[in-house]
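The two complexes that follow have chain A in common; it is paired with chain B in the first and with chain C in the second.
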Partner chain A sequence: MTRRENVERQEFAEERASLWKLTLGPVTWAVHFAASYSLTAVWCAKLAAPQDDITLLRLIIGAGTIVALVVILLFGLSAWRQWNYTQTGRATHAFGDAENRHEFLGHAATLLCGVSFIGTLYTAIPVLVIGSCT
Partner chain B sequence: MPHRREGIEIFARKPTAVVAGAVFAAFGLSACEGPQSAFGATGADAIQLETLFIVMLVGAAILWVAVNGLFFYVTRVHTTSISRRLANGVIIGGGIGLPLVVVTALLVYGLSIMPDQRAEGDGLVVKVTGEKWWWRTEYQPLAGAPVVSANEIRLPTGSRTTFELTSERVIHSFWIPKLGGKMDMFPGRTTVLTLEPVTPGIYRGQCAEFCGESHALMAFKAVVMEPDAFDAWLEAEAAPIQADPQAPGAEIFFGEGCGACHALRGTQANGAVGPDLTHLATRESLAAAALPMNREALAKWVRNPETYKPGVKMPAYDHLSDEELDTLAGWLMELK
Partner chain C sequence: MSKTRTHRIDRHTDPEGPYPPTEEMLAEPIDPELRKAQGERLKKAWAMPKGWRYISAVNNSEVGKWYSLTAFGFMILAGIMSLIMRVQLAVPENDFVSADLYNQLFTMHGSAMMFLFAVPMFEAISILLLPGFLGARDMPFPRLSAYGYWAFLIGGIFVMGSILFGAAPDSGWFMYPPLATQSEGIGSDVWLLGLSFIEVASIAAAVELIVGTLKCRPPGMRVNVMPLYAWYVLVVGGMILFAFPPLIAGDFLFEMERSFDWPFFDPTRGGDPMLWQHLFWIFGHPEVYIIFLPSIAIAAMVVPTAAQRPIVGYSWIVLSAVGTGFLSFGLWVHHMFTTGLPALSLGFFSAASEAVVIPTGIQLFAFVATLMVGRVKMSLPMLWIAGALAIFTAGGLTGVMIAIAPFDWQVHDSYFIVAHLHYTLFGGMVFPLIAGIYYFYPFMTKKTMSVRLGRWAFWLLFTGFNITFLPMHLTGLKGMPRRVFTYPGDVGWDWLNMISTIGAFIAAAGFAVFAYDLLRPKGRQPKAPRNPWNGGTLEWSAETTDHGWGSRSIPYVTTRYPLWQQKGIVERMDEGRYYLPDAEEGLRETLVTSVIDAKPLQVMRVTGPAWVTLWAAAFTGGAFILPTFHIYVPAIISGVLAILCICYWLWTSTAIIPEKTKKDAGLGLKLPIYISGPGAAGWWGVFITMLGDATAFASLIFGVFFYWTASPDFPPEGSIHANWIVMAAAAALLTASWGAMLGSRQLNMNGRGDLATACLVAAPLLALAGIGAMILSVWLPGLEPTSHVYPAVMWGLVVWTSAHVGAGVIMQLYCLAAVIFGKVTPRYDAPLWNVTLFWHFVILTVLVTAAVVAALPRVL
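And now, the complex of A and B:
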């Protein structure tokens, strides 16, 4: 294997990884969403009467939300570094070479993490204002 | 001369557009009043929903004006090239920041009033069963036996009444727009709705789920009363019939077998296929608000119900003479 092949292999390996990275923010949002709703459904169907206080459930979802937000933030920071905007100032990646692809995937992952952060926050807003299963 | 032609065409179209706009506006405005409008709400729940609508409308208007205003600014007002800083400000501020703030505020507000819409009732329970195409009702006060009636809802002000809703055969939906939101009625299942009327008056309810050929004619009057007046009405409603069961009209009623389908408490008529008629004449409308409650309408209805409610189960009594129908209707009007 020549040195050049080696370098390309490394590049592709990284891109395979960052394709997965693209999904990490939305997946965290999806997991948080599914967990919050299914936990609430089970809690209200099996554990609590309609008018019962559900402070414990709210605290659990609140804690889960903080964890999800921190995780999304970390993924977002990693993607932001991959985008490398502060160094290059590039918001478009028109050339399609390895460096461009690398930055583009970081750029897209950053934006997806932003959307996921907001989506996760919105999923959790009901626990701030709703105090019972009704 | 393409410009001139264009101008003429636009000019020619204008009156049509104005007329169409006016017609739409008239339709729109005509829906803003009357006993079945969700505007001018008279129940706690409907008042809250009306406020929610206004708040959402204002939020949407702010967003629309701001986002389109920015778009207008960068495409029509500031048409020369703009700095990256300004561009980012417009896109991130107007496209992400502003919607985020407005939608979050609306979401928090909307969620915060959700539990109020599902508040528990204060005691009085009204069971309503959707039939094709009328409403079977049963009042269950805290004290006293259940009272069976039909095709009208009476409610006291100042307390929250619970509705236990179900249906006989198809899905219906129970809705009194002036008082609150709607709730579907399913065969074999009970759904619960609570309403808290504020202002006495006579409003209109309507089946809000298509349920067959007479769906549009499946309505009812919702009479909101002061608590004392309501208690007096319920007491009267619980009593057996007040009309003379030996009168000529009663003879026609029993002779024609009306009692096989309709109940008159205090007589041998105990049918449950059709609406209970014990206090028929106290109701504000006939045939689930398809007709007014008067002698003429009653006679016409009995002669041929199909005319006024296609698909109705009640057969026509067109073999009765005008005189007999009038006598029967006159006696029915005594069922107070």
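And now, the complex of A and C:
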């Protein structure tokens, strides 16, 4: 048995794969969203006059977006491995055994990372087009 | 944690015996005599109280029925109000109702539909159905559901009743200040206090539903085979938990302003009405999805049955549910486009509005795909689902239009919005709900509703609805504002309004037909067959005679559609060949299983009929309702009585020390009767409640930062700050109290009951000293809450925190009594675990408050 298989078996056997893992992607989206929103609110209220150029703010949010996207991508990759689609080809996990449950949580988390990725991209669009606080 | 401890606990709480069961075990026959005796015992344990004692029942089937009928009743009342409004608007310059009454009518119509119908209805139906889906005996905390129901009934009657006295709130269902803070009379107080009370009940129900889904699934039902409805219950319950608390925090600030003149929303003293708008819509937009997702959940149960095949894309639907749950929180400002926020901020929210369309679309695709690959029978429920789909799609399209900021400026506060909102609500809630009622009616009442009347109701409601609301888009584009009690006759709005009014009455006729069919006595009608639609999920295993016990024995489930995919499961359940086929001790019991894999963990004894829940609800009602009339002393007495009732109820019926440590759960499996800590349902109940509570607190903190960003001088130049030395002392005292609490749990576990008692004596004393110091820290320097919003928020935080510490003190005293009177022993220590958990949250609140009150203003 390879090491990887070993680890996998342990995960099947135990309830290691927790429900929380599902929420990692969306939580990253939420953190990015809330951070962008608060930063903008503070910036526009405290640092910039209405007509000021806010390129610096946009750059910061842009950098934050890249970080968030990478994080989501990493979560997504780990979930994708858990799903193990390339080896099993399974997309429905309709049976109540440990393996199905394990892969199901991976599958659902992968999809959620996908949506969170798109959601995060959407959040960043206004940064590309809007140049001032008003 | 010492080794001995784990060892000891394991011996007492580890399940013993074979699991999972083998085919041979399940095939083993059961002696018919024994079977009968078991059935009798079960029936007796779960019997409903008779006669007038019926209202002391707590069975999910009864409470769920009362709950949904009450919510339906409130809907009818709110509907009647809308008809009165439509009569008033039928012709220009009408004087059927006064401007003042009209304001009350639309406020109450909107508030009642949202708070008394849409959200409670989901919870009501879920309380009724969820144990059925899970093959469970009941919900984990039956008395909590009963308490929630009575609280809802009292609060609802209070809020609705106010309109009879012309004292109803009249500032719109979102109560914007300054209109609402300054409005004369008690209307706004009725709204704030009455609805807060109902929100608390809603949160209680949400906690119960979440715990039920996580901990009361049948053995073997891992998360990947749960019925989709259960996933939606988790998501919607979670959303309620994070969406309602900001509103409660807002209510708290608002009521402080109205009662004590603390200027949270008063711009002349540094306050800001925008904070209310934020808090309201952080709640308000998720609310739309809180209303909408349960309908999708119903569709997710109806569609596979109609198609006679498993759902297509289970994982995708789970993704959509969870994804929508998250994204919907990113939408709140979308209601505030016209309020002068930075353009960039508005952009973020437009983006989130677009993103949420993706998961919504995925769900609809999955349903369509299921129907396409199945053999569809066009049943009555499917007809309603189809109608819902049509209406909702139209509402979604106008929604996308509104989400585009410039368009929103144009139609903002016009009848276009009224039309859009009703399209989404009817398509996303009313029609699917009715579909669900037709579908589940045989499960709920053992009778069927009339197909002929059902079709009549559908076509009347469908055409009536469209005749009412389709023209309203045009009325709005032609510039008619919402919330006006009348309008001039010469601007071309009159004929459109006339059409709308006629449509409203046709729709009302549809409702009437439906209500008649729902309520008409069906005594002589034959019983519905056992599984009339040939559904695949567990609720259809219910017998045609209701014995109150839910299911005769709790099955071992390994598939998503056990009735289709596990041959013979129903027969085995009936014969008592699964878990818990008996009630040897004559007590009500249900199985508690693990969160992810549903491994059996415990035979939990659940509570039976009781009056104390009714009393508790009545006194809690008093504590919320009396302050409306500025009657404070009786309100406080009522509150104290409510607390006493709740303590009595907990003391006499929860965490009872069992007569033996383990019992036979059937199929050779021996399970503990009592567990404490993270495996127990009660611990989860506390944990989930406190997540909601922490959210409310976070909203208050958000308020502080909001004031800081929104006003140029917060805290104002030269204002007095809290005394940081005293505040630090308060934090230290409270931390010590928390430590003593934690210590008492550990010491008790190690058999040092005496030291644990000492800790439990010290803990409340330290905590009380802590409250005192905390209040002194703002009182001594002379922070005057009515003078400016800055001292007001600081006081607000202190009051909030002190109230929580106060609750914590009561719990510590409860534990002290429990240790002294032997309700807690080293082995049976659930109260200590739960209260310690509560204190973890309290100490977090305390430390944040201390930092924000004493340190932060000096930095800003």
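Operating definition for what follows: the second predicted complex is superposed on the first by the 116 of 134 C-alpha atoms of A that agree within 3 Å, B and C clash if a C-alpha of one lies under 4 Å from a C-alpha of the other, contacts with A are read in each partner's own complex, and residues count from 1 in each chain.
Going forward, a contact is a pair of C-beta atoms (placed from the backbone, for glycine too) under 8 Å apart; a residue touches a chain by one contact, two chains touch by 3 or more.
It should be emphasised that the depicted structure is a prediction, and the values quoted were computed from it without experimental measurement.
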For A:Pro126, is the partner it touches chain B (first), chain C (second), both, or none of the two (neither)?
both
Go through the superposed model and pick first if A:Ala108 touches only chain B, second if only chain C, both, or neither.
second
Among the partners chain B and chain C, which is in contact with a greater number of residues of chain A?
C
Thinking of the overlay built on chain A, is A:Ile118 touched by chain B (first), by chain C (second), by both, or by neither?
both
Taking the superposition as given, does A:Asn100 touch the first partner, chain B, the second, chain C, both, or neither?
second
Would you check which partner chain A:Gln51 touches, where first means chain B only, second means chain C only, and both and neither mean what they say?
first
Contact-wise, after the overlay, does A:Thr23 reach chain B, chain C, both or neither (first, second, both, neither)?
second
Identify the partner contact of A:Thr40: answer first if only chain B is touched, second if only chain C is, both if each is, neither if none is.
second
On chain A, which stretch or stretches are contacted by chain B in one complex as well as by chain C in the other?
118, 122, 125-126, 129-130, 132, 134
Please name which positions on chain B make contact with chain A in the complex.
100, 104, 107-108, 111-112, 114-115, 118-120
List of chain A residues in touch with chain B within their complex
51, 118, 122, 125-126, 128-132, 134
Note which residues of chain C are touching chain A in the complex, please.
220-225, 310, 314-316, 318-319, 322-323, 325-327, 329-330, 341-348, 350-352, 354-355, 358-359, 557-560, 594-597, 705, 709-710
Note: in the complex, chain A contacts chain C through residues 15, 17-19, 22-23, 26-27, 29-30, 33, 36-38, 40-42, 44-46, 54, 57, 91-98, 100-101, 104-105, 107-108, 111-112, 115-116, 118-119, 122-127, 129-130, 132-134
